[in-house]
Structure formats: structure tokens, C-alpha cells
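Same chain, two partners: chain A is paired with chain B first, then with chain C.
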Partner chain A sequence: MKRLILLLTLLAVPTSLLAHPILGFPRHRGVEPLTNPLYSESCGECHFAYQPGLLPARSWKKLMAPAALEDHFGENAELDEEDRLAILKFLTSNAADTTWHYKRSIKITRSLAEDEAPLRITEVPYIKKKHSHIPRWAVQDNRKVRSLSYCNRCHTRADKGAFVRAEVDIPGYRNWADLF
Partner chain B sequence: MRRMSTTEHMKWDLFIRIFHWSLVVCFTAAFISGEYDIEWAHSWLGYMLVLLLLARLVWGVTGSPNARFTTFMYSPAETWRYFRSCLRNQPLHYDSHNPLGALMVFALLAGLLLLTASGLLYEGWGEYEGPLWVLNIPVSDWLGQWSRSLHRALPDGLLVLVVLHITGMVVATLQHKENFARAMITGYTKRRD
Partner chain C sequence: MKRYAGTIAMAAMILTMPLAQAADNLVPQMQAQYQSEGAGDFSAERGQQFWRQKHQAEKEPFTRSCESCHGTDLRQPGEHQRTGKVIEAMAPSVNAERFTDAKKIKKWFRRNCKWTIGRECTPQEKGDVLAWLNTL
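Then we have the complex of A and B:
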């Protein structure tokens, strides 16, 4: 019995370190996958349904203000008030800065100053740095991609919240890893 | 009293042997985890490489004579002399690294130091974690970008060095008639007196 307790203690120490924010690592690797059908349908109708863990709550609040939705990057994306509030609640309560168990969300939060509220995910320093070495011909000048905004055109499992390099497939450039 | 024609000599001390094989394991695992983007394993393997390299630098000053950097720092003239002796297939004998092997050791150590340094810099700049981030050490965008390029390019160069290192070891084993692989495992080598 004493030995068992000792063994369990010895196991508990390293396991608890794994969950430590500095010494360990977050339990999940990407961003939290979507859990809200209303959001997936309303927003995913027009564009990739970005996971709320890709921006801090303050960004979502700015984006989801009624006036902001009227001119949503050049498009009218008005919602009826009930839906708007429900989606806003989903976005802010699952935003990057409220997430501690998904690695990418933590890094997005860390890369932003507390008063920064980018309206585009491509303006988040962490995301910018991760994509800064990609040549124009692979994305902007690539007919099948066009912009970094279309996450899922290259990140094959973006809809699952997974963005690892090994799962990137740039359309037209299957051997991209050897090219840059 | 009859003297034996060969005797066993300690060539590589215990630290060197553990260091060498730990380096082999950590570098290989770090290479693979980097290739497959297994970030948590990659960073921890990198930290282990840093510790191994730092320990080697200390041991290079304080360790056993064969392990000290001053023992195997040779002049260009001596390196050239050794190279010609190899071409004649009558290589000069050295207890520690021979001059060509020493060049390889310094190249590998320098390459690995650059590799780990660039990894730490990139991690602190672009990944928002690791020692530099925790200690709040700022890394400029220029240095961060540069570290990333270096960290991407160096492993392939090091792989070439590893192949040359193994080739050199095989050639030297044949030329010197000394079992270098065994010396890196048991520490001992047979030597003609």
C-alpha cells in the first residue's frame, strides 16, 4: 500500500507538470472545433466559419456590432437581433482569450496586446508570423487560393480546428514543403 | 617478462560516450518530430540538445585529456600533413580525434549550436513560448525571420555532415585498423605500443 501511494505520487508530479501553462503544454493542439450550429450555418453560408478561438472576445464584439455587420468587409451581413446576440454570446464565451486548453488560441492571445482588437485573423501577429514566409505565388497569385482568409483551401482539416503544417496542402503545389 | 603487442587504452571517457549517443538519439528524434510538426516533442528535444551541448562545452575545458578542445586543435599545416598521410594509406596516429575528425567535431558542434540557438529565437519570436518568451526577452522581427530560415536550412546541412562523419569513421577504421565504433561504446581501444 505504501509503495502504491509512493508510485502514484511519483506519477502525479510529472502528469501535473504536463498541464502546467509554462512547463507543460496545453492538452489540445489546434483551436476548439465549432459547437454551435446557428453560427456554423449563419456565418458559414458565405465564408469559412472561423472558430471563435481564432480571435479575442474584444474583436468579436467589434465585428458583431449591428453597424459593423451592415458593412462586413464590404458585404451586408445583418442578422436579426436574436440570432446576433446568440452568435455573439457563442463567439465571446469561446474566444481565444477565454481558452486555456487549446494551443493555437493561447498563442493568439499571447501575441496580442491587451488593448488590440484586430478585425481580421490575418492581422493577428502570431498568424501573420506563421504565414509571412509564404511566397505570393503560393497564395495571393494562386488561382485556387487567392487569399490567406480562405483557411480551408490549404489547411485540409481547418474545419476540425486543426492547423498543423503536416496537414497543409496548397492547391496546385503538392510539394510546397520543398519549394519554400 | 613478455610484453603484449597491443594494450587496451581508454579513448573516450564515460561523459563523451553518453554525450555522443544522447546526441544521436535527440538529434534524430528532433529531426523527425520537426518534419512531422509534433511541436511539443520537438521543443523538449531541442532543450535537451541545448543542455547536452552546454555540458559538452564545459567538458571540453574540464574533461579528460582526450575530450578537451585544446587536445584536438591542430594547425592547418598539421591537418594537411595528416591528410597526406591518409592519401598514402599510412595515417598518423592520434590518441584523441585526428585532425580531420576534429574538423568534423567542431563543424558539428558549431552547426548544432546555431541550430538550437535559432530554434530558441524562433520559438520566442514566432511561437510565443519557450525560455525566451517566459523570460520576456524581446526578439526583433528581422532576427526572428532570419532564425526561422536558418532553422529550416541547417538540419539538411547537418545531415550531410552526419553522413560524412560516418564515412570518415569507416575509412579511418580500415586505415588505422582500430575499431572506432567499439571505442565509442566501451571507451576502450586497442593500440600498438
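Then we have the complex of A and C:
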């Protein structure tokens, strides 16, 4: 009996380490589903509020520069200075390259050279590659999607930080997973 | 007793709900502020003209107006011209949340005026637009 308990403890220690939020090795699968009320109300009105773990800090810095916000992909996303700084801090301190326990963030960071700072998540090589098979008619020419930028129109649990093939539902074209 | 606990809790919630919901329409307050910044009397008619006025831009879409995203019937939801995202109705008579948050009004006047007409709106223009929207 004593040996059994010993054995169980020995087994339990490494498993608890595996699930550990920082030391853990098989990390969480998605990106960290962080939310912040100021961020959601400032950056979530035109598209879903992208999780900070979808881009490295150097990209967020470029996106959040005052001149960049004034011409934000052709739209105006200006903020007052206080909010801009608070959001910049939220984004950079939780960026993809600050995370070690969320698989998607790590893949995003690894697919970029250290001096690369894309302004778009959809231009990160890892993300680009994952979507390279999807035809135009399902994205740009699909009135219900319009652009790959609107992750949550296809990824049904994007707001939870979950980007998994099996949970994709392209509006108007069901069951993507069965199609290919 | 336990059986009714849920019902009582519900009743209490329903009774207190209107108290929690009522948010003030801030148009008079905003207009007073615009006047302190130099605006004169406000006119709903001028506001309506301003709202419908079309402006030329250097980039696509070349023709822009407040209607590009808010639509022509302000009692109905609009659609963001680029992203397609639904924008709730602007008329306070159908959307009681309109003009209840000063920070929001300020933020969107800044973004939308610059995008639509290429500069910030003057205090006079803002007061006129709000005067008109508040009649809807």
C-alpha cells in the first residue's frame, strides 16, 4: 500500500508540473483569452478585439503609434492619449513574444524573424500559411466574411482565444472540415 | 419557502431594473460645452444638411458622408461601409443608449469627422448634428 502511494505521488508531481501555467510544457492550445474593458470598447467596435497574443510587441507598438491610428488600414481609430497609452501597455505586456504557455502565440513568434513587425496578423507567415488553401469565394467575395481579418466570423470561439480547424464555420459554407 | 426564493429574487430584480437602466441623454450638456467653446445657437435643420452633405476624399471610397455607415434611415441599424459590422440605430427614440456617454460621443466625433470630411468638426457643427439627431 505504501509503495502504491509513493508511486502515485511520483506520478502526480510531473503531471501537475505539466499543467503548470508557467513551467508547464504542453501548453494551452490557443492564444490567451485576455479581455480588458477599455480595450474592447476602443478596439472592438469595427472588428473583434484581437487578443494581444496574436502579434509580437513590436507590431503592437507600430500599430498603436498616433499617426498609425489616424490612418488605420484606411479607417480612423484615434484615441485620446491616456487611453492609447493604457491599451499600448495592455497589448505589449501580453504580446505573443511574452508568452510561453500558449501554443498559437509561440508559433506566431517562431514564424517571424526578430526584426519583422507585420501590421497584420494575417501577414504573419504561420497564419498566412494556415489559410492559404481557402478560396476567394469563401472569404473576400463572401459578403458575410469580407476579409480574413475578421477571425470571429469563421472561428466560432475566437473570443475565447480558440483557433482550431474543427471549430471553423464559414458563413454560408458549413462544415469546412468535411469539405477537404 | 425555498420554492419561492427564486421567484422573489426575480421579482426584486425586475423591480430594481429601471433604476439601474436609466442613463441620461447628454445632448443638452454637450451643447452647453460646445457653446462654451464658441458655438452659437444650434439648428436641427443645419445639422440635417451637414449630416447628408457629401464630401470628396483622396482615397477610396471617394464620396463620403455620415450616411456611408449610419445609413439613410436613422431609426434602422446602419452597416459599417468597410467591415460590414452592424451599427445600432442612431435615433435616441429607438436606441435609448445613444448619447449617454460623453467619452464615446467625443471619440466618435473625432474619428468620424476626420474620416468623412477630412478634419475635426467645429463645436457649431457638432451641436447642430446632435440637435437634429435628438429629434429622431
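Please note the rule applied: the second predicted complex is superposed on the first by the 153 of 180 C-alpha atoms of A that agree within 3 Å, B and C clash if a C-alpha of one lies under 4 Å from a C-alpha of the other, contacts with A are read in each partner's own complex, and residues count from 1 in each chain.
In this text, a contact is a pair of C-beta atoms (placed from the backbone, for glycine too) under 8 Å apart; a residue touches a chain by one contact, two chains touch by 3 or more.
Nothing here was measured: the structure is a model prediction, and the numbers come from that model.
Visitor: Would chain B and chain C fit next to each other on chain A once aligned, or clash?
Guide: When both complexes are placed onto chain A, chain B and chain C end up side by side without any clash.
Visitor: With both complexes superposed on chain A, which partner does A:V164 reach: first (chain B), second (chain C), both or neither?
Guide: It touches chain B, and chain C stays clear.
Visitor: So, A:C46: does it touch chain B (first), chain C (second), both, or neither?
Guide: Only chain C is touched by A:C46; chain B is not.
Visitor: Output check: A:H133 vs chain B and chain C. Expected answer is one of first, second, both, neither. What do you get?
Guide: The first partner, chain B, only.
Visitor: In the superposed arrangement, which partner chain does A:G74 touch: chain B (first), chain C (second), both, or neither?
Guide: Touch partner of A:G74: chain C, not chain B.
Visitor: For the superposed arrangement, I'd like the angle with vertex at the C-alpha centre of chain A and ends at chain B and chain C, nearest 10 degrees.
Guide: Taking the centre of chain A as apex, the angle works out to 140 degrees.
Visitor: Examine A:R146 and indicate which partner it touches, taking first as chain B and second as chain C; both and neither are also allowed.
Guide: A:R146 sits against chain C, while chain B stays out of touch.
Visitor: Minimum CA distance, chain B versus chain C, superposed model, integer angstrom?
Guide: For chain B and chain C in the superposition, the minimum C-alpha gap reads 29 Å.
Visitor: Across the two complexes, find the residues of chain A that touch chain B and also touch chain C.
Guide: Common interface on chain A, chain B vs chain C: nothing in common.
Visitor: Using the touch definition up top, name the residues of chain A that touch chain C in the complex.
Guide: Those in contact with chain C are residues 41-42, 45-47, 70, 74-80, 143-144, 146-147, 150.
Visitor: Show which residues of chain A lie in contact with chain B when the two form their complex.
Guide: Within the complex, chain A touches chain B at residues 22, 25, 29, 103, 106-107, 110-111, 126, 129-130, 132-133, 164-166.
Visitor: Could you list, by residue number, the parts of chain C that touch chain A in their complex?
Guide: Listed in rising order, the residues of chain C that touch chain A are 59-60, 80, 82-85, 104, 106-107, 110-112, 114-115.
Visitor: Could you please specify the touching residues of chain B with respect to chain A in the complex?
Guide: 36-37, 39-40, 125-129, 133-134, 144-145, 148-149
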